[in-house]
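We call the chains A, B and C, going by the order they appear; numbering starts again at 1 in every chain.
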Amino acid sequence: MEQTIHTTLAEAAGIIDGLIYGDSSIEITSIHGIADAKSGCITYLQDSKLIAQLKTSPASSVIAQTYIPDLKIPQIVTDNPSLSFIKLLNHFCVKIHTPKGIMNGATLSEGIQLGADISIYPNVYISKNVSIGDRSILYPGTFIGENSSIGKDCVIHPNVTIYDNILIGDRVIIHSGTVIGADGFGYEFIDGVHVKKPQVGGVIIGDDVEIGANAAIDRAATGNTIIGRGSKIDNLVQIAHNVKIGQHAIIIALSGIAGSSTIGDRTIIAGQAGIPDHVNIEPDTIIGPQSGVLKDLKTGRYLGTPALPFRDFIKRESILRHLPDIIKKIDDIEKKIDSVYNTIKLVKSE
Amino acid sequence: MEQTIHTTLAEAAGIIDGLIYGDSSIEITSIHGIADAKSGCITYLQDSKLIAQLKTSPASSVIAQTYIPDLKIPQIVTDNPSLSFIKLLNHFCVKIHTPKGIMNGATLSEGIQLGADISIYPNVYISKNVSIGDRSILYPGTFIGENSSIGKDCVIHPNVTIYDNILIGDRVIIHSGTVIGADGFGYEFIDGVHVKKPQVGGVIIGDDVEIGANAAIDRAATGNTIIGRGSKIDNLVQIAHNVKIGQHAIIIALSGIAGSSTIGDRTIIAGQAGIPDHVNIEPDTIIGPQSGVLKDLKTGRYLGTPALPFRDFIKRESILRHLPDIIKKIDDIEKKIDSVYNTIKLVKSE
Amino acid sequence: MEQTIHTTLAEAAGIIDGLIYGDSSIEITSIHGIADAKSGCITYLQDSKLIAQLKTSPASSVIAQTYIPDLKIPQIVTDNPSLSFIKLLNHFCVKIHTPKGIMNGATLSEGIQLGADISIYPNVYISKNVSIGDRSILYPGTFIGENSSIGKDCVIHPNVTIYDNILIGDRVIIHSGTVIGADGFGYEFIDGVHVKKPQVGGVIIGDDVEIGANAAIDRAATGNTIIGRGSKIDNLVQIAHNVKIGQHAIIIALSGIAGSSTIGDRTIIAGQAGIPDHVNIEPDTIIGPQSGVLKDLKTGRYLGTPALPFRDFIKRESILRHLPDIIKKIDDIEKKIDSVYNTIKLVKSE
């Protein structure tokens, strides 16, 4: 279900400091992307390729970077329409959370340090010696293990599990079902049996990290698994023990990073990609969807299993596409050579 | 552990309106598929290819579509043995749930509308302005966010999280650990930092949808993520923001569908397949396991990464399998041409 | 965050029955793998290839299998340094759990059998007729369904869901978010609608199994899904209904095993691999990462999609890598044959 708002184009333009072209008095009743725009909504033009789509859209107004001629609906022009759109959403659609304090049905153990204006919902369990920073919210069903620490302004959604000895920075958002600090997958195969290596390290999650739903970030064997400041991790991602992810990296859904690998700053790993253990991915690398990395990667763009430099992948794929033609060509050559062969015999025998 | 039942072949035949061949008085103590049939059980013949397996099976009776000659155990003949088997399982093995009402230890906020004969277990948390339809069951650890609505006859298994503004139809089953309505993965990269785009849309789940364990279905950025009536989603599936899935679709485990893509009615997406963002998959399409779709797909059967029409995939795979032979052939041709070349030189020099 | 310990090299050597070379009186303040070794720590040499890394490491002492010459730090020599390291971790870093009994806020239904020295935390819900063995621990948010049984010395981490009729052995560890016994994915497509096949079988989990976070192990349609003794399953793994996994198998993160397949003892399935339904994988098989198995596999090592014997995969990959050269070769041959062809014409016309 969607949210309805009540404002005017003039008010919206004021919030985003934009210049109005058209009737500033029109009512705005919702905010939508172009793809799901509806009558009454304000939308934005992210890419000039979408002008045709905008022109047939039922949207009632649009934010654009430059004035769009021949458009029937009013426009607001701003430097960065995407950012303006984010501002409007934050202003009109994101509710301000009222601190709830410690609600009935939450369980708090000894030695817990609580910041100001926190919200701890029912069915939360907080173990010994945990600290929770100012204004952080722990939704129902959340578990926090011993000696773990949650920074300021964090939102921990329902049914998140944070094991012991986990250090979480400020403004971190963790979505439901995610598990931080389960034991890394480490065994020693001795006499036909997998003997568990105790996983006694921790996890450190930097400021401004967001982690999606049902992800798993394992604790280190020894030392720490680290997610750098500002990195964003999507749903159902697996981060194994002792992985170090740099700052502002992006890891998309269903990807897995095996033990002790290092992912550079701003690297983007697309969906269902796999990174093996003990490799180093340099900063600003882009790894395409479903790629299977085999080894250390220098900064660049990679795709495929095994992950190749993007150009090499495209070349290989192009050859593969033409293989039936190549097979035919080989057959033709074979026929020709046989005919030549026979001709020569004839020549020789003449 | 398995269930034991107590009935006779005659009673079973009555329930499924079938014709008995053999001793109708035998006792039936369990219901099993052929693969795990045991003495005392009734099983069914789904496919005539399995007759040999059936003949050596310890099963004590079988449901078949036509009379099977030379079979030593009694048979029940019905039009649709699979459906008859389902009827018996429902009759004998599926427990009827007794409504529990609101149990101690559940937390209900203000403004909640509850239907008749509901069951709300301990450790459930229901936020403000939620409505729950008649006979729906919310098992322990379930969280329902503000303004969300659950239809009639739904079963929400333990530790499910349903965020705010989610609309769920009737007869929906959601298995444990699944998260509906976490924020879509949307950021704007501005000045070296990923700025969060507020995800303010909703999720709409149609009637008769079933969702497996630990799946994640994200809320829309704006508008709605939609799962159409009768669609079935397996465990650990990722459905990104603004995806629209048609009716009676099947999405198998560990598959991921990226943002804003559309999946047609009755389409089947096999395990670990990946669908990129902003593509359209036509109805009645079958996408094989681990396939990586690149673009819009017309109705058909596809396989591979990149996903090819099934025949093209098989052709490519056949060529790949013969590559060593092809390499050898090329080498042979090369030798032949060199020999011809030398012969000609000889001819010319003669 | 990491743990600090306080011991001496002499005490550590005593625990692992090792021979000290160097100053036995030095203080040991932490235990770390070589990769994250720090001053004050004891580390171990798992592989002689790491000697160079050890020599530049800040570690203060090391466990090795044979005396390492030219090493400045004290050494402890033992038969199996990995096992010695595990012993030290267990001794110094793994906390002994004090039984908590049944804590306030746990909900226990009728007919429950509880062993000695158990720990049942707040927000745990135990259904009717469940049995919990001696010394087992159920952390907050855990749900146990009717008639299920948990053995002795088990650790069920927070927010785990165990459905009804599940049999779990002794010393089983289940990490957070994991779901055991959700319905298998089974429907019969009748008149345009997927009719649910009731999933009335169970799950049996052998002794000494460990299951990671957010995994899903479905209940059998009829009969049982089985995880054999000593097998280890990583995070986010999907095990479908009626799968039988042998003993001491390893299944790594994000892999999926479809319905009714059988995995032999000690088989290793690497990350993101997929096993289709109704296949048999023989014991001691190794299936590489992201592999897509198509059919039954005999004992061996396999890689790729489709999964090929390892040598065949390497051969295919080598050919694929040389395809551009092969294409060039074909073009050269073609030119040559054309030149010969023309030469012959000349010869003949001469």
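By definition in this document, a contact is a pair of C-beta atoms (placed from the backbone, for glycine too) under 8 Å apart; a residue touches a chain by one contact, two chains touch by 3 or more.
Remember, predicted model here, so these are calculated numbers, not experimental data.
Relative orientation of chain A and chain C, expressed as the C-alpha superposition rotation angle, is 120° to the nearest 5. Under half of the residue numbers found at the chain B and chain C interface occur in both copies, marking it as a different-residue contact.
Spacing of chain B relative to chain C, judged by their CA centroids, is 25 angstrom. Contact with two or more other chains is made by residues 105, 123, 141, 159, 177, 214, 236, 254, 272, 290, 305, 320, 330, 333, 337, 340, 344, 347 of chain B. Note for the complex: chain B touches chain C at residues 1-3, 30-33, 35-36, 80, 82-83, 85-86, 89-90, 93-94, 104-105, 121-123, 139-141, 157-159, 173, 175-177, 208, 210, 212-214, 230, 232, 234-236, 248, 250, 252-254, 266, 271-272, 289-290, 305, 317, 320, 323-324, 327, 330, 333-334, 337, 340-341, 344, 347-348.
The residues of chain C lying in touch with chain B in their complex are 105, 107, 123, 125, 141, 143, 147, 149, 159, 161, 163, 165-167, 177-179, 182-183, 185, 187-188, 190, 192-198, 200-202, 204, 214-216, 218, 220-224, 236, 238, 240, 242, 254, 256, 258, 260, 272, 274, 276, 290, 292, 305-306, 315-316, 319-320, 326, 329-330, 333, 336-337, 340, 343-344, 347.
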